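Structures follow.
Shared between the two complexes below is subunit A, which pairs with subunit B and subunit C, respectively.
Right after this comes the complex of A and B.
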């Protein structure tokens, strides 16, 4: 139905970024600096300035995203440019360095930048892959709907257990009180809950069910059906939380790394100009 | 027989109160009859603390009773004081059941059996009507039957039977089901009248067993603590603690008719005709207030004063709206209001039959325009929907978009703009002033009211419209005379959603030109209806069978309620083609295109399903609808934040709510309908449409909530404007105030007004939701262009 960020306006920014990279490569190839190619040559200064400007501009995206004022912009266009021009930094910064790496603040800035870029690439992958999976998993419901259904199932479960003896009562009560969706970051990202109280209850009810006489059999049958349904819904809720976490989490890497990068960049520039 | 008075005033709303007050002040013997135990029931029933507005501001108040904008309690309090101060003779709990007789000797009967006589009667009973009661044995005096529900949370653990199938019944049932056992009883087999949101809610609740649904079921008996229902499986007695019957209100029309007052036609929206002195066709019986067609408090109060003056013989009193009209015709120096009204009546045949009151009312809702020669009045593709009459001068219609010199002239007394009014779509031609003109531009609401209440206006407009529509859409170059036989066979037809214009396999004997709404074309393939295309107003269907002399190759259904077509006989259409080379070519071209398109669509049933899904969601009446491609949407809610940030912190869209099909998600947001439901019943007429199509609510909104109820898509909220926000940098760096998109909380004090999506009108760059979406998932589309293979096929 719509164009994704990557194809935005017929790959406009891919073309822009490619031109930029080609220009840099050609300049690097024809340049005959005195001595080793590095950031200290005129071309090095040029590429370095472009790279630093690009980084500042890429950072600006965080502001852009939150300024909703009037204008002919579309955030999609900005993101598309962000992605391709961000990628072009790989070429520009590498050429700027003249392939001279070491254990110093300059290389630290370079590595941080590459990490930011890598996390960005991962983000784009996530953005393109997970939204459709989320829709599919929800089957027309919202997460709130799913949780509401789960709460209703809890009530129905408790209605079934009234006559079924203490142990079943206890497990079912526990299932309704101690079942968790979400939790810590890792829990969210895993999409699973290995110690899920509902799964435990389901297993236990099936074991105990065999020993219950015919008068309770119908209740047990219903209870198993309800718990299975709840278990299935829980699976979907957790998957939903997982996908949402995937969609969000990488930004918590991308952005802090960006700030680290800025710090390193400032150190890099200062050390170059004052202590060279 | 007890009393005789000079005037009996029935109904103590603002109109009746003011009339009674002035009668008391003038020393006229009078009685004010009110069925409730308090005055002014309509305003009494407003929400507590509601801010009552005194629109229109420039209209002076003419009444012994005070009225200024303020809280409901203040307004009612002042009226109670004034009732006492003027020693108004008011009788509460006095519901009038019958008015008989004639001027000088009316006999008025009340529910308690008492009677009184009056020389004149003023009917000011408003439009609210009476709540429909449950009419089965035992219902009348059962203590557990009620007709309203103020606070559903008041009840807990009860068994409640809700009777009714409208929105009120569903909302009550769903709200009660949280804490009670609820049964909902519906006479029919579905909830046909309910809004989509309510329908979804109740269907889900019934499916889940939260509410028990009884369909095709009627109540037959009520005894204390029980109700007996006749279900398709037989009768069943049900124990219950409470019965809530939400059966709607009986409009006051029947009662008014029983007094001898005539209505112009059967249309439920029509109002009784009254003279310039508010007198109905029954001499001595006057009608004022909302029932007389004046839906605002101040107008109603002024009329109350004026009608007493008329009855006292002051027939020359100028209505209070005189200054408003003077203001309007200031543009014509030296012309008095009366002279202008006379000129309108003399020059415009369409308005000749209107009485002065109707004409004045029309003028109040109109603007006088005096464009200079060559000045554009409206432009092709504008979405404006006002109606123009030519009082003087000539206008030129540019019939050919490619050649502005090709024009048709309209002169004094003719009208234009009716096509937009009927179709709700873009203007089909640019119209410019040809000479110096005096035009009357009337807004949509007044015209619709007029069409509904004056038969002659409806007839003349419809006839002219059919001729112009055929000419515009089928034969722009043919002269009117060449169309005579086509026009003779042409006939306007009306369809509700899902009704068929014609069926696959039938003999094709006619062509339908769609003039309002839209249709879907489908074919049965492998036992399933596959949608082949969506056709919007301004196009025709049915020509294929005619050309090929074969049976209909597809079924055509109305995609939306109140779809209207002009049906043209096959033979007449063929003659038309033989006369117009251009039409023949176009039809043949379309014929080929449609065959091709149909074959392609038959092989892409998934596209047909999406079209059907969107049509079911009401996309077919939209001019511009927000869709979200869930394959791209990362659920960041930046669209909502962007919306809130552009609109005082209140988002007008709910991204997550709303249905999804094949990754196409329809969020809850205004679609800017062709015929906006929200406009139907807005007392101050605050809802309008701009030339670019957007439907917006202006500042004159009085917060009555009618639009919220009338919008089937649940996109209108009533909200108070929140205070300002810090700049983003301040928020980002210093954590000042609420951040972007946060703080949707309503502010408890202050006046609530209706808010909804205005398509970011006046904001450069257009809809913020679309601009703010980082992934391109959110788009706004025009259904006519969007619901096609071309756009949906390439997914």
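Right after this comes the complex of A and C.
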């Protein structure tokens, strides 16, 4: 995604959403319901219907984006509308509530909706910011390229220590066998590997290098250069995994909460008419 | 020792490549080190992993600690080389094979467990996308969806049906009975909160709006606003339900919606809908509300409790009798200005003092000396002759003898009894000299001598004469001081019972207590406009004043100076006009005024109307 989604057709959907929000605000300001404003007035029912319809339509985007091929509208347009009309729900649903909140299923639906929107906003943010960082970090390589380079470096490192002592050899072997990129959710998101075998090996090799005689010094020098290069590549690979995780993680909130929202929305609508 | 070591390499296309090396050494070293006779180029092998030595009893392979060998799969430090033995040195498999002629033994060496593809292994160790972690959109989505549906939809519905048939007077029973509390859309009003956990009290049928029958099940005594037929006519067919005005779940207080539109909907053009209505149109207290029209007693003599008419405070017209229409003809004389005067007069001791004459000297009276607030303070206790008037206005037969404020007949009987008793007690008195000096009947009777017939007749005649004088005096001056009295030809008098309306504005609520920061005179102002009256004789210092109710009264000018209520005319209707209220109170949306909607002063449910529609049932939840 790039910025063209937000500026799609001259901010067409930003304008549509703004109009929708303005209309809702004006209606709310003009409307003088009996008693306190709430979801049970005619304007309340109207805004609620618009909000529910929007939520269902926004969910449909999840289906639409899976069906490849040219639809009537371009996917880019759908996404642009998804973002802006999704944001307009903040105004529409808040006015629908009449600013009445409580510990109940109605506010639950509202809070879930706001969380879905917030995660979506975060998604827009990362999609605007992180692809550039990813390109910069990769420097023309793919993650597979970086991993292949690391694997080659492992072979080279092992060759360098083939004639060296057992401890340094074991250290390097461990570095090539135990080094990993990514891992669990937190490792991916943090981009850090506090117990990286390669970093450990680099440190150890530097220590051991001092005690190795002149015949092995050249090997150790090369080995340190190779391990340093590997360490740098690992940093980039982990950063790449981190960026990708950031690009993905919000969807793990956005999508499940959307389904929770749909359930709460159904419960909300049924409950208000069950106890009319 | 001499041996042959064959290195076997399996080809990708099948087949095995074989490379033989002859070795001749005292000790054959095995390892990654370049000096080793059997060179195993794998990082997993130490520089010096093992060696083969000749010992008594055969050839032995010994590992260099801490490295371990495997002899036929079992870990060991040393193993005798026997034909067919399989030994493992790290990833290499060594097999003792038939030695060629001239050699002591032969071994094959094969890298059985190569290090493998580094990239493949690195990839298999690394999880580079969230999809490879425990996170799952699908599982979480389903889990949350089902949890919300169960907790906030299925259980509340189950709870509702579970409560069917349970007594409302008891707390709801069953594990799920309270799950519908999560549906509560807002705080329940304080009055209804005691059955807040029984939603079904009002929400009697699923998917049906709360019906009036649910309300009147408890509110049996609540009255209608008007006759049902006229109400429907006025509301143009759209008969409002209880819910139209009473919105629940809007906080502790707000069960009654006070929007003035409720009332204005009909009352702004009521005449158009009910041609015969006596009500005047109103829609906003400040901008569209008629002048107050108090229910005034216009003739207390009229039968059936007197004639009460609604007369506008702005009505300056005159009735058929030529007198102003706006006058309270209650049959009681009470000039407020005289009682509240601040005039300075010489007191009994000759010193000048302000106020009215009282047994304890001159005294300044205030409104609250007579108008005492009832408990709660909304209104006032009735004025009572004994409590409020009699201290200054005693009813006396003689200076020593008081009379009760009772029915005229009773009072007349007391007077008659009194004079007859005096006459009888003194009938026998015979003293010509004393008789000349003072009225005989007031002299003490001489004891020991019975009265003669003449004396008795004389006494009776005297008593009758006194009685008649008393009756005339009482009727004209004593009772007549405040009351309208009639004197029959016989001389008997009667008091025309005064009739004072209980409330001038019976359909308008007014809480005096909540206005007690304002002086009484801030709202209740008497009219005493000085008027010119040519040719009319006036005493010294007197002026003519007039009010809406009375055309002209002569009064000492000083009496009105600084008077908190300069009303001289008993018929004055001392109510403030709407303009006085409008100084502080405006309509619902009036700027800078107290927002005052219709229900601030007017009740919707009117006591004299029939109960609200719906069959009154025994209130189920109120024991």
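Heads up, the rule we're going with is that the second predicted complex is superposed on the first by the 269 of 276 C-alpha atoms of A that agree within 3 Å, B and C clash if a C-alpha of one lies under 4 Å from a C-alpha of the other, contacts with A are read in each partner's own complex, and residues count from 1 in each chain.
We adopt the following convention: a contact is a pair of C-beta atoms (placed from the backbone, for glycine too) under 8 Å apart; a residue touches a chain by one contact, two chains touch by 3 or more.
Small disclaimer: the values here were computed from a predicted structure and weren't measured.
Student: Overlay done on subunit A, so just call it for subunit B and subunit C: clash or fit.
Tutor: With subunit A aligned, subunit B clears subunit C, so fit.
Student: Quick one: classify A:8 as touching subunit B (first), subunit C (second), both or neither.
Tutor: first
Student: According to the stated criteria, A:256 is in contact with first (subunit B), second (subunit C), both, or neither; which is it?
Tutor: second
Student: In the superposed arrangement, does A:127 touch subunit B (first), subunit C (second), both or neither?
Tutor: A:127 contacts subunit B only, not subunit C.
Student: Of the partners subunit B and subunit C, which touch A:184 in the superposed model: first, second, both, neither?
Tutor: A:184 contacts subunit C only, not subunit B.
Student: When the two structures are overlaid on chain A, which partner does A:230 contact: first (subunit B), second (subunit C), both, or neither?
Tutor: A:230 contacts neither subunit B nor subunit C.
Student: In the overlay, work out which of subunit B or subunit C sits against more residues of subunit A.
Tutor: If we count touched residues of subunit A for both partners, the winner is C.
Student: According to the stated criteria, A:152 is in contact with first (subunit B), second (subunit C), both, or neither; which is it?
Tutor: Touch status of A:152: both partners.
Student: By the touch definition at the top of the document, which applies to A:96: first (subunit B), second (subunit C), both, or neither?
Tutor: The answer is neither, since A:96 touches no partner chain.
Student: A:204 contacts which: subunit B (first), subunit C (second), both, neither?
Tutor: Touch partners of A:204: none, neither subunit B nor subunit C.
Student: Under the stated touch criterion, which partner chain does A:244 make contact with: subunit B (first), subunit C (second), both, or neither?
Tutor: A:244 contacts both subunit B and subunit C.
Student: Using the superposed model, measure off the angle between the directions from the CA centre of subunit A to subunit B and to subunit C, in steps of 10°.
Tutor: About 140 degrees between subunit B and subunit C, seen from subunit A.
Student: Taking the superposition as given, tell me the minimum C-alpha spacing from subunit B to subunit C, whole angstrom.
Tutor: 5
Student: So subunit A touches subunit B in one structure and subunit C in the other; where do those two contact lists coincide?
Tutor: Shared contact residues on subunit A: 152, 244.
Student: Spell out the part of subunit A that touches subunit B in their complex, as residue ranges.
Tutor: Of all residues in subunit A, those touching subunit B are 1-5, 8, 63, 65-68, 70-76, 78-79, 127-128, 130-132, 134-135, 138, 140, 142, 149, 152, 244, 247.
Student: Under the stated contact criterion, what part of subunit B meets subunit A in this complex?
Tutor: My answer: residues 208, 210, 627, 629-636, 638, 641-642, 645-646, 656-657, 659-660, 663-665, 728-729, 732, 740, 763-765, 768, 770-777, 779, 791-792, 795.
Student: Enumerate the contact residues on subunit A facing subunit C in the complex.
Tutor: Residues in contact with subunit C: 32, 34-36, 38-40, 100, 102-106, 108, 143, 147-148, 150-152, 154-155, 158, 161-163, 165-166, 169, 172-173, 176-185, 188, 237, 240-241, 244-245, 248-249, 251-252, 255-260, 262-264, 266-267, 270-276.
Student: Which residues of subunit C touch subunit A in their complex?
Tutor: Going through subunit C, the ones touching subunit A are 32-34, 41, 43-44, 46-47, 115, 117-119, 121-123, 125-135, 137, 140-149, 152-153, 156-157, 160, 180-187, 199, 203, 206-210, 244-245, 247, 250-251, 254, 257, 259, 261-262.
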